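Shared between the two complexes below is subunit A, which pairs with subunit B and subunit C, respectively.
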Partner chain A sequence: MNAWNTFAAELRKTATLPAAWSGVAVALLGSAAITLLNAISIRAALAAGRPETRAFTSPFEAAFAAMPLGTIGAVVIGVTIFSSEYTANSTDAGGGRQITTALAASPRRVGLLAAKAATIVVFVAVIAAVTLPVSAGIARAVIGEAGTETVTLGEAVTRCLGGTLYWTLTGLIAFAITVLARSGIIPLIVLIVNSSLVSFSLLLTKLTPLAHWLPDMAGRRLFDGLSTVEGGLDAVPGALVMGGWTLGLLIVATVVFRRRDA
Partner chain B sequence: MSTVRLGNVTMAELGKLRTLPATTLTVIGAILSGIVITVVLTAAAADQGARASAIGITLQAVPFAQAWFVLLGVLPATHEYAGRQFRTSLTSVPDRGLLVTGKTVAALLVVAASAAVGIGTSLAAATITRHLTDAPPAAHDGGPWPLAGAAACLTLIGLLSHAVALLVRHLVPALAGTLSLVLIVSPVLGGLTEHARWLPDRAVARLYADTDAVLTPGTGALVALGWIVLIGSVAIARFSRRDA
Partner chain C sequence: MLLFDQLVKRRGARTVLDHVGFEARPGRVTAFLGPNGAGKSSTLRILLGLDRADGGSALVGGSPYRSLRDPLRTVGSILDGSGAHRSRTARAHLAWVARSNGIPRRRVGEVLEQVGLADAGGVRVGRYSLGMGQRLGLAAALLGEPEALVLDEPVNGLDPDGIRWIRGLLRRHADAGGTVLLSSHLMGEVAGLADDLVVIAGGRIVKTGTLAEVTAGFGGLEDAFFALTGGGDGAGR
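The block that comes next holds the complex of A and B.
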């Protein structure tokens, strides 16, 4: 199979994987629901004449506050695209794993991983392209003209692109860890915990400033406006550091995957 | 459903969990990460000269421990579906009600024991680190009862995950769903609306942090139990009726 066919096959496999669609649903419906609640509560505060009880009244900020759910969606896709290959079939059907078929069909292992990584990028980009405008639209429709939009269109586009980059890199890191571990448990726990308020990386920054160079801490300025912790890297160097981690983990995963038994 | 048979089934389920490497690793991980986190928090507090007691630090570490107990609660139900084991279990214990009861009791025992040991070792680690770092004398800490509340809270979080896992059967959706609820959705909703206090993980947190205007530790635990019973009954009803 040539590279394009491998990619098309992976895209199709992922599109028929229920778990991948649950990742899409978490990102899309979860963000929409959180945005709706946020927007309704902002509208209520504005109607009561107490806008100061809210951190912001901007519709875009209301939609952007739901960004962590997109990270979860990306993690779920990055994990299941590979962990699904290792799920054993029913013993009545031979108890085989899909990975053996995948490798029989495309024996070039590097090409297979590259196709899967490209599939993750496509999925996350499509999710972002749908989720962010839908959420922003919901917030605008609910809050309407009452709120003060503090974010210009240019800033909004930059921040959406930054957030999409963060989602993509996190999805790829989840993928690389899953390749290494051949199981979804470790990346799911590590990455969901680190997207939350009780992040281990965040805790480590209390011990040593070096923790600001961990991938999730380095990249968090990509969510400009959501950052709550002082210090650390700025958006562009942070994105480069996070990209470096992603690339490094993908290379390690590729080397390991090339050399070990399926 | 005689008690002798329930005892046997529970022992069998406990044996399965004991020989499952993932459970052992999770329990060890929960205990070790509790120690590491309390040491980090104590050292950070000492650095800033904050007046934090060992009990206070241990309670601060509880939210970090939740993820381990979610995993521990998910494993007993989902590992059986990874291969053919579930059919073997049904062959040996055809009474599905008995099987699910034994499984739940075993999960409860493992989660509760791990929570108690985890809180205990975290407290010990915090106490030792405070002595080593010459931390300033502690503020009043509200006595040992919140610690028992924290252990109960982690146990209930584990039980909630067990109920979710019984319902959805597969590891990845159960783990991702419960973790997202506890760690992402609930804090985000908590910042938006006061009604978020009725979510199971926020209600049960009242057991060790009695800071809510409406829910007390007792009613908070009852709300969480209500969620567990609700999800658990749907799960058990499905478990009893569907194909293996």
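The block that comes next holds the complex of A and C.
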């Protein structure tokens, strides 16, 4: 009952946090926008009779290519769900932070972190359940029958579930790092840059094959079909490695959070 | 109700609390007095499970705060102003706090009314003044109809009207059998309100007793305070 109350409070808290909704917006609207651009350019190539200029003409692939936006959304949610606890009010308003209220209300710290982690999982799952069908629908509507759907429904579902798992694990890793950092700014910048502009892990694989065991590299085969570099772990062992990183980081974060003064 | 026993807290090489012990009893308003930096907030933070003690214990009705089930129904507290995120409305803030301790939703409207924020319930906390933030903090403290109130510098930022109002509220809470522990570095605030005084300076309790006992032999509470805490030269820093 107690754990349920803490979880229900965290759900409500996140649902009333504008920063968390910006994560939802990035995932949903960002994916929809990228899908739309992809689909329009595919339709143009098809209309010009030059489908060979595109890597694919499948509506599903056009939608799935926007998956990295969901990763960014998951990072934003994972970071802000914890960093918001430490956001100071303006000095005019006393400069207090919400963490004192959160811990006074839920003094069992392991339970509080577990409730937050569960909230991240719920949010990411809901985002995926909305974003992926919406994006696929947009791609299908724009490209229409002209494109060739090369992906069966079964494959599409498997890949969507894989992508959702990747988002979820990324969100939890971002959360664990933020617990350790106690501030959202650096985790947010590093993780967003890493999953959008420049992948540091990807660069590291040029130096050492060990970098394939870093969480984001290990899990990337979950986005089956999006792979840009050869080598590295297959989907299932990769997912296990990424899951191991997630669990390990969550455990470290919990141990530190339990011992630390708020 | 609230019992502090031999509390020790160190930060690095510095001893912030040096065997702090006292009690706040039901039916009484206990004022915890000391200059800034004397250890008042550290003591209260340990009581509420926010910080860890290096020795000793702080108990609520015989149990550590962390082991209380739905703690807001036993102890209401204010530590850091409103304790609310600035981008939420007061109502949304109180709603999650209530949910976390299984407190009925109707209490949100009731406490907003009680602290005089009924009209500002839909305003984002970031737009609140210091006084409004304090009132919101108090609303959260009252939410679970707790037996004990633990308030760190509760009159900070309140206008004279607000100070008068909070005094009345705390008095009534104690008269109804509740326990009130409030910290302050301002004598005037507590002289007319407190039944028991606990004076801390430099991390040590220097005097405890009723108002009459503590002020005996001095011209008044202010004289007693400065004599006990070593004057106004920032003792305890």
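For this structure, a couple of remarks:
The criterion applied here is as follows: the second predicted complex is superposed on the first by the 259 of 262 C-alpha atoms of A that agree within 3 Å, B and C clash if a C-alpha of one lies under 4 Å from a C-alpha of the other, contacts with A are read in each partner's own complex, and residues count from 1 in each chain.
What we mean here is this: contacts are C-beta pairs under 8 Å (C-beta built on N, C-alpha and C of every residue); 3 or more make two chains touch, one makes a residue touch a chain.
Here the structure is a predicted model, which is why all the values come from computation and not from measurement.
When the two structures are aligned on the shared chain, A:Ala9 is found in touch with subunit C, with no touch to subunit B. By the touch criterion defined above, A:Leu153 reaches neither subunit B nor subunit C.
Of the two partner chains, subunit C is the only one that A:Ala262 touches; subunit B does not reach it. Judged by the touch definition given at the top, the superposed model places A:Pro107 against subunit C, while subunit B stays out of reach.
Legend: residue contacts after superposition of the two complexes on their common chain; A:Pro68 is shown touching subunit B, with no touch to subunit C. Contacts of A:Ala48 after superposition on the shared chain: neither subunit B nor subunit C is touched. Judged by the touch definition given at the top, the superposed model places A:Ala19 against both subunit B and subunit C. With the contact threshold set out at the top, residues 19, 87, 90, 95 of subunit A are in contact with subunit B in one structure and with subunit C in the other. Interface of subunit C with subunit A (complex): residues 45, 48-52, 65-66, 68-72, 75, 77, 79-89, 92-93, 95-97, 99-102, 125-126, 128-130, 132-134, 137, 140, 156-157.
Subunit B contributes residues 22, 37, 40-41, 43-44, 47, 63-64, 66-67, 71, 82-84, 171-173, 175-176, 179-180, 183-185, 187-189, 192-193 to its touches with subunit A in the complex.
Those residues of subunit A that touch subunit B in the complex are listed here as 19, 22, 26, 30, 34, 37-38, 41, 65-66, 68-69, 72, 75-76, 79-80, 83, 87-88, 90-91, 95, 184-185, 188-189, 192-193, 195-198, 200, 203-204, 206-207. Of all residues in subunit A, only 1-2, 5-6, 8-10, 12-13, 16-19, 84-85, 87, 89-90, 92-98, 100-101, 103-108, 259, 261-262 touch subunit C in the complex they form.
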